[in-house]
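We just call them A, B, C and D in the order they show up, numbering each chain from 1.
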Amino acid sequence: MGLDLFAGSSADRNARRAVWHDRSVISIPASPARAFASDNSAGAHPAVIAAISNVNEGHLLAYGQDEVTASCEARFRDLFGSDVVTRLTFNGTGSNLTALATMLGSLPGPNHAVVCTSWAHIHSDETGAPERLLGTKLIGLRSSDAKIAPDQLAELAHLQGVQHHVQPGVVSITQATELGTLYSSDEVAALCEQAHRMGLLVHLDGARIANATAALGGTREALRSFTIDAGVDVVSFGGTKNGLLGAEAVVFLNPAAAVGSEYVRKQVTQLPSKMRYLAAQFNAVLDDDLWIDLAMHANSMAGELHRRTKDIDGVELGAAPVVNSLFPILPPAAIEPLRQWCFFWDWDVSRHQVRWMTAWDTTLDDVAAFADGVRHVVADAIET
Amino acid sequence: MGLDLFAGSSADRNARRAVWHDRSVISIPASPARAFASDNSAGAHPAVIAAISNVNEGHLLAYGQDEVTASCEARFRDLFGSDVVTRLTFNGTGSNLTALATMLGSLPGPNHAVVCTSWAHIHSDETGAPERLLGTKLIGLRSSDAKIAPDQLAELAHLQGVQHHVQPGVVSITQATELGTLYSSDEVAALCEQAHRMGLLVHLDGARIANATAALGGTREALRSFTIDAGVDVVSFGGTKNGLLGAEAVVFLNPAAAVGSEYVRKQVTQLPSKMRYLAAQFNAVLDDDLWIDLAMHANSMAGELHRRTKDIDGVELGAAPVVNSLFPILPPAAIEPLRQWCFFWDWDVSRHQVRWMTAWDTTLDDVAAFADGVRHVVADAIET
Amino acid sequence: MGLDLFAGSSADRNARRAVWHDRSVISIPASPARAFASDNSAGAHPAVIAAISNVNEGHLLAYGQDEVTASCEARFRDLFGSDVVTRLTFNGTGSNLTALATMLGSLPGPNHAVVCTSWAHIHSDETGAPERLLGTKLIGLRSSDAKIAPDQLAELAHLQGVQHHVQPGVVSITQATELGTLYSSDEVAALCEQAHRMGLLVHLDGARIANATAALGGTREALRSFTIDAGVDVVSFGGTKNGLLGAEAVVFLNPAAAVGSEYVRKQVTQLPSKMRYLAAQFNAVLDDDLWIDLAMHANSMAGELHRRTKDIDGVELGAAPVVNSLFPILPPAAIEPLRQWCFFWDWDVSRHQVRWMTAWDTTLDDVAAFADGVRHVVADAIET
Amino acid sequence: MGLDLFAGSSADRNARRAVWHDRSVISIPASPARAFASDNSAGAHPAVIAAISNVNEGHLLAYGQDEVTASCEARFRDLFGSDVVTRLTFNGTGSNLTALATMLGSLPGPNHAVVCTSWAHIHSDETGAPERLLGTKLIGLRSSDAKIAPDQLAELAHLQGVQHHVQPGVVSITQATELGTLYSSDEVAALCEQAHRMGLLVHLDGARIANATAALGGTREALRSFTIDAGVDVVSFGGTKNGLLGAEAVVFLNPAAAVGSEYVRKQVTQLPSKMRYLAAQFNAVLDDDLWIDLAMHANSMAGELHRRTKDIDGVELGAAPVVNSLFPILPPAAIEPLRQWCFFWDWDVSRHQVRWMTAWDTTLDDVAAFADGVRHVVADAIET
């Protein structure tokens, strides 16, 4: 009530502080080998580990002056079919801030504001890092599906030209969104057109860009359709949630927005020293589009979990997921026993809503075992 | 729709860019000598001008090491009946940021967030200065009356202790609010109690603290009841909107929150060199509580304007004002002719709502003439 | 030893904390009516007070949308003979930061560094406000005369293009300098040429630009010769130290460097509400070039003081001053008695060096009385 | 001339832009398998790669809520024999800024300054990241050996209490220093005592703390003697330069200085998602003190290189190295041929001084081959 910011995370308090609980509280059936907490709870794909090991021999210059990094940059140019500028970074917050700080720095004038939704990770889940490093306001628009409509941008035009108001400079969208929804290519294109008409640049937070790509066709053409072809200026290209052990890439599709990005990356503490190890991870999954396969698998496991739980009495599930997360509403009495048996996070405590998330390594057996457990525990809770 | 931030100002775009229009467009009746645009459109009270002139002779050390400033600080200690720390500043934004930066600096830990309403001047009308200078997020709570309830603060407790979320550090309220409403002393006390229980400090943006004091009793006791007695830690004590030519004061009621305030003031560019001229202005209005008299007058003129216009056909006015602003809804066709005859600002263009504001120097003649004009122009607009 | 930063101020510690001492400690002769502490200890010129009084009547829109401000801006265009953009501000730190933040904001890329000398006011005497508001490094070059030579800039070229180093973006020079020295027009032009060749913009901190103008010819042509004609991009045009009660102006000579300056001014808390009062002050001294006359007088009084004290046994004075400050070395035993009789600040305690400064209102009688006192006290100190 | 900042790096411009040159330009002898460019050009120790692989299986909660991280934190408590707080980070800049931002945040008052030498990595080689993220000044003291003496700190006392000056808050020393020198335990203790007496906290940038530990005894007691026992408050504990593939640790020895460090780490973009992989790296080298063995080896290889090159005609080498770097002066004509044969960086171009650095994996064969090459090429250059 009265609080829009952080709405999405308002229920996480207990969950986020949780420890990894003992999985054997409930005897029957056995809990799955992998829980449904988050895609960043998964390990790295074996090809990624192998790639790190393979580049370990000998000396290479640090800070990106090595051939592994050069080859990674070439792969990204190939991926987008364009002379994009790629800056590897450590994590998602760092990737977003390298992108946003560079974009804002490319705009003449005062510290411009960033427009996003109140669900945006940069707005709600980065501890104020954007405000601290960018020195500017994030304008958090309200949205029921975590997407921004062109009209909402247009409404901000009244701020422009008034010296008492922050001047919007960048609009940042998330694809797939924090709510597991997707922009169509046309929607992104329409938003980019509106933004550019108003003099704003467009950033796409792609922490789960692989899941979006998988959902929108599963091809490089699909990726391009909602990014470079739609007019997006800069992408935070996620890796860690999709089978890497820790690497992200900022891909500047619009070279004009990349000016000074190498300095900005260092200023926001995101310049890796032994960069070969980050590059090698991306190289491993960009080859043969393994990154798309991994995300397709994660998405399909979420679909499978939906199919196997949607008809369970007491479980409220909406439409089938488009990417790799479900947001079921459960009988209150079922939540803790189920979580102790196999961990997951709360989503909206006030509605007894939780989040189940699949990963690149989730197996059909995991899904089957988990669905069995849900059926078992929910039935138990309803009976009681 | 979807935009909470800046809602209050969303309609000002044209108005704020306006130039001071020719007042004689409409022949009858004559426009008032003083318009109803803002209390900061007024000049300074003659006693203020005289005070400046009176301290002009001779040399005095700069930066506050002079007897005029010392005497001003003594007056503030007397005003609050306590050993408060007073830092004079140039303007409201500077006053708020000297206060907030000092308060945040007194809290150990990361850059803490500031909690306010989405109507707050610091949130909507300071061009992102707070984010730039404080390096932190402003959490803008939704509120229909521009006031924060203790429950709204309590709802933020879920952010505390979670490393992914900004940690609230200061709650900033405005008295009188940006919507012309008032907190009672009890309401402020309840909010302070909740804030302190959660480990937050309380800032009161008193750009119109004089109007609030006048409305809540018109005595020093009234002032103390909603500030120091209620538990407020730091006050931005406004002067410029109440008859000064340009001076504000940050008054630290809680000395623990004042640590380092002299350095912070300089860091946010608010250390006046020839401080005697700011001190003299405050001295002039603090003597004999002229500051309260000026605000009572402004408030009463708003009441008078309400009485004289509330029954005019086509003018929608709510309850009588408690301070010095009215927010009438007018027939669309009446707004521009009326504004050209005697200037005022838009408030919410989508509702044809405007703002009329009185000042310390508004006269009964001004009010009478303006009410006549409103009657005249609105009738004309309705007929057409 | 080992400390370059703050060298100039390293001795001020006691002095800056000083209170205004009783002037009558030594009986003979009588102390002057005005001390020699600083030009910001002086009051305002009567024409300035009158101007404030003259614009006090009636309502005018705030934030610079008034005719007094418009007319002030016109005067600055006239002064520089060019379509300059002028932003009025409250004080010197605010003026410098409005200038620097706007200039840095006009450069694409990361947060660029500001190059200055280690004597620069922005470097040593602004409590780290520049680093806080600009979020960047100040590179403080060593200099014996507080001036930067083109070669020193050229040496910084090795930083350019290296991602591990801050990228210089603006060079800030002070005229007259903190040590009372002057750049010739040719020197400024050579520095600007070097800076521009390297892609840097040039800022001139003119807190005492009037004294520099007076010393370099005392005409508007003189002013232009070392500013707009020399290639300077932005000037902090000082007023407060030259007879105003409190007003400064940022004058953007290069319009490309002014983009967004109205927002930046607000972001650094320097947007005055009742701007008419700042504009009126400048209008008063720009008319008939009173500002030059006042500075010429201050300079000449410093020259006179030099003439009357340079031959006193025990007083070490260098060459005659070019502007309004002297930096004598005194017998240690003379300093405190002399200061208590007529206040001045220490400069370099380790060398027993102090600073005497004249102002627009210093009289020949003041100088004569002060010189007598010096002669008296120094003789006494030497004898003892 | 006139430039102290960046003196150490003033010559790197070409070198830092260098590409990894063809090693076969000179026919005889064969270039070594590993160059002498930097310890961050080396790969990771096999035990580190193995450790990463070993923790890869299965799901673990992200952001440090996993048992691998818990066990790493326990190892650091054991290492320092105290209840220290450890925060893992990605890289050195991030480690330093997590430390400094937390320390400054623990001090009440304004943005305090950081005192360091002009050689400090934070001052010269981090692109202004500290100023951007901390919003404060770095006071870069001059030093011929990259060390700070207690007297230099004491000289800063004159800044304290003066509102016009930044207030020193933290002193940051580097061990081993950027010049390859070392503080003795007594020197650190004396500096800490002086700092604490003045109210400052002490940070130790230990990017090469392993090399320092190895040089000062090669035991955990040695480590403690110049850190926790000497009074250091917070350490940046380096890993990447000593055989890790990429992990650093901020170790808060003084728990009072650790308040809020988990939020600060996230605010400066240094919170790793899959933290198990960073923890595993440290676990691998903390076990059996492999980290000390690796550094002892690197140090000894530098000693060996010194022994084998110090008597070569034309090579000027000072005393034997205490850690793992040499700074020889070479005949100008020898530098480029030698570099093309086996890469290394320039140090001070004006003096023809270069840097040779050994790593954990440098072999005696590498040293022997490199020394042969030096002898060969230098002789050739001198003849010509």
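The definition used in the following text is that a contact is a pair of C-beta atoms (placed from the backbone, for glycine too) under 8 Å apart; a residue touches a chain by one contact, two chains touch by 3 or more.
All of these numbers come straight from a predicted model, not from anything done at the bench.
Chains touching both subunit A and subunit B: C, D. Comparing mean CA positions across the assembly, the chain most remote from subunit D is B. Mean C-alpha position of subunit A lies 34 Å from that of subunit D.
The geometric centre of subunit C is 41 Å away from that of subunit D, both derived from CA atoms.
If each chain is reduced to the centroid of its CA atoms, subunit A and subunit C end up 52 Å from each other.
Those residues of subunit D in touch with two or more other chains are numbered 110-111, 126-128, 132, 135, 163-164, 166-167, 263, 266-267, 271. Considering their complex, residues 18-20, 33-35, 37-38, 40-44, 46, 49, 52-53, 55-62, 65-67, 90-94, 97, 126-129, 132-133, 240-241, 245-246, 263, 266-274, 277-278, 343, 359 of subunit C touch subunit B.
Subunit B contributes residues 63, 101-102, 105-106, 108-111, 135, 163-164, 166-167, 259-260, 262-267, 271 to its touches with subunit D in the complex.
Across the complex, subunit C meets subunit D through its residues 1-6, 9-13, 16-17, 110-111, 113, 124-128, 131-132, 135-143, 148-149, 151-152, 155-159, 161-167.
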